[in-house]
Amino acid sequence: MIEIALHVLLLLVMPPFLLGVINKTKAWFGGRKGVPFLQVYYDIFKLFRKGMVFSVTTTWIFRVGPLVTITVLLIAGLLIPMGSFNAPISFTGDLILFAYLFGLSRFFTTAAALDTGSSFEGMGAAREVTFACFSEPALFFAFLVLAKISGTLSLTPMLHGPLNEYSAIVAAPLVLIAIGVFIVLLAESCRIPVDDPNTHLELTMIHEVMVLDHSGPLFGVITYASSIKLFVLSALLLHIMLPFQLDQVWLNWILFVVEMVGIAVIIGVTESVMARLQLLHIPYLLISALLFCAFGFILLIR
Amino acid sequence: MLSIFLVFGAIFLFCISGLQAYLFSPQSQTGQKITVVLMMLGAFAGISGVALVIASPDAVSMNIPWTLPWSRFSVKIDHLGCVFLLPVFIVPALGSIYAIGYWNQKLHPENGQRLGAFFGLLAGSMALLVIAHDSVLFMIAWEVMAISAFFAATVEDDSLQVRHAGLVYLIATHIGTMFLLAMFALWRYTTGSFELNPMQSDSSAVAGTLFILAVIGFGFKAGLMPLHVWLPGAHANAPSHVSAVMSAVMLKMGIYGIVRMTSLFPSVELWWGGMLVIIGAVTGIAGIAFAIGQQDIKRILAYSSIENIGIILLGLGCALVGKYYGSVSIMAIALGGTLLHVWNHSIFKSLLFMNAGAVIHAVHSRDIEMMGGLGKRMPLTMLLFVTGAVAICALPPLNGFISEWLIYIGFFQTLDVGNTRSFTAIPLGVVALAAIGPLAIACFVKMLGTVFLGNERSSGSGHAHDPSLSMLIPMSALVALCLFIGLFPIIPLNIIRNAVFVWIGQSALELPLSMTISLGWISWISAALLLSAAGLLLLFKNKLWRKTDKKIETWSCGYSAPTRKMQYSGSSFGDSIVKLLRFMLQPSDHEPKNSLYFPKKSSFKTGVPDTVLDKLVLPVFHLAGHYFPMVRVFQRGHIHMYVLYILIIVLVLFVLGR
Amino acid sequence: MAYLLIFFPILIAAAATFVKSNRMRPVLLPIAAVPHCVLTYMVVFNSKLAFTANWLTLDPPGKIVLLLVSTLFLFCSFYAVPYLRYRSERENRIFVVCLLSFLGAMSLVTWAHHLGLMWVAIEATTLVTAPLIYFNHTRLCIEAMWKFLLIGSVGIALALLGTFFIAYSSLHAGLGATLTYESLVQNAPLLSKIWLHAAFILLLVGYGTKMGLAPMHTWKPDAYGESPGLVGAIFAGATTSCAFLAFLRIYHICVAAGEFAYISKLLLFMGFFSMATAALFMIRQRDLKRMLAYSSIEHMGILIIGLGIGVPALYGTLLHVITNGLTKGVLFLSVGNIHRAFGSKNTDQVHGALRLLPLSGALFLAGFLAITGSPPFGPFVSEFTIITGIFGSRHFFSGALFLILLCVVFIGMGVTVLNAVQGNTPVEVKEKVTFRDSIQTGAPVVALMVIVLVLGIYIPAPLRDLINEAVKYLGGQ
Amino acid sequence: MTNVLNALLVIILMLNLFTLGTSRIQSIIRTVAIQGILIGLLPLVAHEHVGWAAILASVVAIAVKGFNAVHDVSHALRDAQIKREVEPLIGLLPSIILGALATVFALLFTSQMPLANENLSKLIVPSSIATILVGFILLTTRFKALTQVIGYLILENGIFIFGVLLMEAMPMVIEMGVLLDLFVGIFVSCIIISKINQSFSTMDTRILSSLKE
């Protein structure tokens, strides 16, 4: 019970902080002081206080999109276990639900983008759906590996699999899919090198450009939702990359938070040291992610 | 026995439903109204008959002598048949209601009656096909179905396009029929009778041949990827409710054939399942990829039907693998998913085709690049479309997700059984499904965005409006079904379970318990999803729909005078994917050539023709049509030659006789 | 009984020569056909009447063909009355006379149990049909008639030689030269093999010419193409069947002689050669009647293949004789109507028949589907039975080839037929059309079509027994 | 008797070659007439005991083959007003050689076929085959409709020669029927020839080739 409460609490509260961490890291690398850690919270609250502007072109899709997205991501967050703890909801085959919830959010985000009738947002939507065609298979390859290792089809035991048996046979595949999933994470949460969250050249953006026309609370919802997405995916990656746990149960919560921050830092570092890829090369990056996971699977199965 | 008579009554009512319209004048709508009544009665009778069978533990059958050589008039309704019978009864009935608004007899006096007659005949023959338990009866029903579909699809035969599509369909279906004739002849040679009873002797060589013949013969109808050539054209050019029935029910008859035949073999080979998985993966991915490239609203749907057939085949292949390894749970889950997907596809695909029909009805064009902004003029239609699109993209909380979920589970389970090397390939079906998913989302977001969202691109959509009630009612019914199956998956799966065990050939045992638990979770989560989204909506309602007096344009990044021509077109939306899959799709781009300084007026046109049809089949046929007639030099009208032929053949025969 | 069936039509024919009125004369056709049909049914389903003389006996195969001939002729005669009335500008004395004596000759073929007599009857059919082709009095008619007569006569002459060979083979066996069917069948095993083989080949070619097997088919497209649809119907439905019956007798003798292995390969060769030829010539065929002629060639090939397969396919073959004959009737009569309406039988002019002639167009389309072996029509049952026979007797390669050829035929025919039936009627045709669907020209065709349909879903028990009898008679078990 | 029979057959074979050798249609017709008469005589000399059947057969045969048919043909010829067969497909000499080859072939062919009663002449079968082949040669190499009819006549003659072997096999009725058919056949074809002549004003069958694929 207490676990569930903590889980939900973390899920609701922590995500924007990760964004703060990432920005701070990038600022440090840039030799700047950078915005405070909690800046994202301030932004979200500010946005919620503002009014909204709707283009006459838009229909209800435009308004519903962000709401559906956040609902979906919160549910997805309930499916993912945090650290060594079990997820509140866990049943055989929930991994597929997990993946398809992301699909649902993608459907409505892109639809809302097209609803504005602006060609910029159209471009963003087109890129979003295109890149998903590589990231999802990669994700499922990773799932195949994990399922083969743990022998179950439910996220919680599946992600705890590496925890239990981190033997040499599974090590190589795990490393491979860790790389793959990390790339997927970057792509899904629109980070450099795939996408640049804080550029203002619409043509180079994927996610940001889709929400150009949203404003006020809706935009706040979107920002919040994207941070949750980052959080959930990092939590997933966590189990593959750092499957450690301490014998003290309450320490594990601390450990989890620390690890999450660590991942945020890693992302920040990646963003700072790498340049944004040329748009036409992004597919190759994602294909490489796909291949990493595929090799992981083949390595395991042979 | 009663159930059989009910089903026969349904078949009879379906068959005569359209014919009686010829008693009335072409201008009067009375016939069409009676047609609807008859169809509804037939559907009612049929469904109640099926319900009786479902309620009863075992199948009902009737077997009376028939004077056709070696064949008996033998029908059998088992649970497997019931699964395929239900769409046959439901969809055409709804289609006939839809036709009142869509193909009103008053507005189409020249071909309305023909359409109605063959529409009913199509439905009736399909029902007969499913219950047929004798190859000859099966073939008769099969061919009546194929031919009445041809006539129903080509009612507008004054347009060349329709004629061409019809011809391609007719040829394709006939080639398929030839394979089926060979298969049943071989079947009789092996089993000694035309009856479709499970094969006793296990002669694997013949079994393999039979299986391949079945896959090809039925595949032509189901639209497996290399054999799909007839499908897009026929679906695009048929009246929408006919396309709905063709895509939602008729394709499934091909699937039914494969499922039925595979259920008759005592043992299966591993390569059967493997072959189906590969074909399914190719069909699914290529089908949806082609769909993304289309600009014809109905061609998109047709290709997406191909994709769904691919998914169904993936599931069936997985089930066959399970059969090879004797794992009941894999068989149960995968085949359950397959059959449920058969239902789901017939629900949301007919919904989408009817929806497309409503759009075409409104804007008088099939080209989605001519549409746009319809959402504001026909909001109900858009709502229905969004539901159908979410369902067909297999997204929770609707029905499509359930069936694909089951197939996923089936494939995941193949990870554990049998660690033979030949086996490692099978779980990759998961990846195939995972690749199909996002592509489907891309395809239907493109469709939604281009047709309903943004601003209208042509003046044609100016006076568009929601269709009449007679068209909305069937669609809403289908949407309700989507929601129902999505939220309460256990109920349909309990019906399907028995069908699965007919296929497995074992007495009814439960689905694995974990499945039911998971399904319970899924339905809870789906409900929660809907409720919370709705709750948020209510929360923000007055902020979101606040009346504003000033009209605000979309922000176009500082560009001052945006026009609706500047919207992102459907083809440019799909372009990034089409470009990536160029090797398969072979898009045809007509680049504008613009001179350097004073560019002249130039145009850009792009499209994705059907690679197999346009690059392979038609050229071959044209070559044949060009070279075969060359034999005519032997018949130039000179009687001496003719007499000489007689002399020559006498000598030839004497030589052969030696 | 036999004399009645044979001479009654000829009597009417004689009467027809004295009828002056060009409009009244055709009425004699039904007057002859109806009693003939009634008598036929009496004979066929009452075996006591089946024997008249040693040379005139109606065995089961003969019954089948007589049934077909008489039925087909009945409907054709009803069709002929309005047709000839519509074509009243033509003098139809010779036409009617020949048509009637034709019926007599065909009845004789079915009864004849003496090979020589049978030959005479076949030759007679050739001679009396020649004038029928000339009905339209065009130069093309003359040409067609000439080719028909010369090629036909040459073929028939070879058949006569073959008949002599058979007689000689029995003479050689020391049985004394006989040509009576029964004695030949009884003593078949004793006949001299070499002479029998030679005779078989000559008769296959000879009667094959009348059936229209490739490559002796050359007269067929011309004759069918230039003669009225009515004549085409009787040609393709009845005459070919009579020739097939004649050949069936030879086949029976050879099988009784235990030569099945020898003739089987020749039959399969001829059959597939005919099917292939027909298929190739049907591709891009723009003349409707010529197309039907090739279809008839194809089906003769199917019959011969059925014989080549032997007992497993015999039932289907004999059934196919009936179904093919009746369907050909439907096709030729409806295409005759189309020809009348459009003033052309070429798909360059003929489009949208369904719109101009809803009834005839629909019948033509249905007939096309039927003849290409689509359920639920009669030919499907027979062809499917033949196919199962082929596979059942382990001729897998032949079976595959058979199906492929059927498919090619379907495609070739389908393109032409749909081209003619669908689409919009050319305007110039629409304004100057005089011929319309009428109950007189429509009803007989509809009736035939109904029979074809019924045979596809229900074969009456008497007919089935008759065919089984015939199979038994021909050495089936 | 056999010698007479052989003599007749040899003459018949000679006449075959002569029909191939000449180009004047009139003389071809005459030749065929003579051949017909000779063939009509065959039944009388073929068998020891000459029954009334044989006599009747020969009389009718002579009547039909020797006179009636020839009369029809020459009548048609008179309408047509043509004298000779110009440019046949192959020249006269080649066709004679062809005919000779055909005769040899016939002899070789029939030498393999077992013959029934030895007391009859061995020449009957080969000469009948040879005559048939000569008929075929005329049919395939000559272009005038008339000549083709004559070719058909010769073909029939050949078959009749074979028929001589089976005099007692063929009942009178059949025999008569066969001859009647021949009679009618020639009659009809001559009518057609005259029709051809009227409407095409020629007898060359090469122009009868408008019906083709």
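Order as written gives the chain letters A, B, C and D; numbering starts at 1 within each chain.
Just so we're on the same page, a contact is a pair of C-beta atoms (placed from the backbone, for glycine too) under 8 Å apart; a residue touches a chain by one contact, two chains touch by 3 or more.
What you see is a predicted model, and the numbers here were worked out from it, not measured in a lab.
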With centres defined as CA means, the chain nearest the overall centre is B
With centres defined as the mean of Cα atoms, the chain at greatest distance from chain C is chain A
Chain B to chain C, mean C-alpha position gap in Å, rounds to 43
The distance between the C-alpha centres of chain A and chain D, rounded to whole Å, is 101
Per the C-alpha centroid definition, the whole-Å distance linking chain B and chain D comes out as 70
Rounded to the nearest Å, the gap separating the Cα centres of chain A and chain B is 36
For chain B, residue numbers touching 2 or more other chains are 629, 632, 635, 639, 641, 643
For chain A, residue numbers touching 2 or more other chains are none
Each of the following residues of chain D touches two or more other chains, namely 139, 148, 205, 208-211, 213
In contact, pair by pair, are chains A-B, B-C, B-D, C-D
As the complex stands, chain B meets chain C at residues 66-70, 136, 139-140, 142-144, 147, 154, 157-158, 160, 163, 166-167, 170-171, 174-175, 177-178, 181-182, 184-186, 188-189, 624-625, 628-629, 631-632, 634-635, 639, 641-643, 645-646, 648-650, 653-654, 656-657
Note: in the complex, chain C contacts chain B through residues 146-147, 150-151, 154-155, 158, 197-198, 201-202, 204-205, 209, 215-216, 218-219, 221, 262, 265-266, 269-270, 277, 280-281, 283-284, 315-316, 319, 352, 354, 369, 372, 374-376, 380-381, 384-385, 387-388, 390-392, 394, 399-400, 403-404, 406-407, 410-411, 414-415, 418, 422-424, 456-461, 464
Counting only contacts in the complex, chain D reaches chain C at residues 112-117, 132, 139, 145, 148, 152, 155-156, 158-159, 162-163, 165-166, 168-171, 173-174, 177-178, 180-181, 184-185, 188-189, 192, 195-196, 199-200, 205, 208-211, 213
The answer for chain D against chain B in the complex is residues 89, 136, 139-143, 148, 205-206, 208-213
Chain D partner, complex, touching residues on chain B are 629, 632, 635-641, 643-644, 647
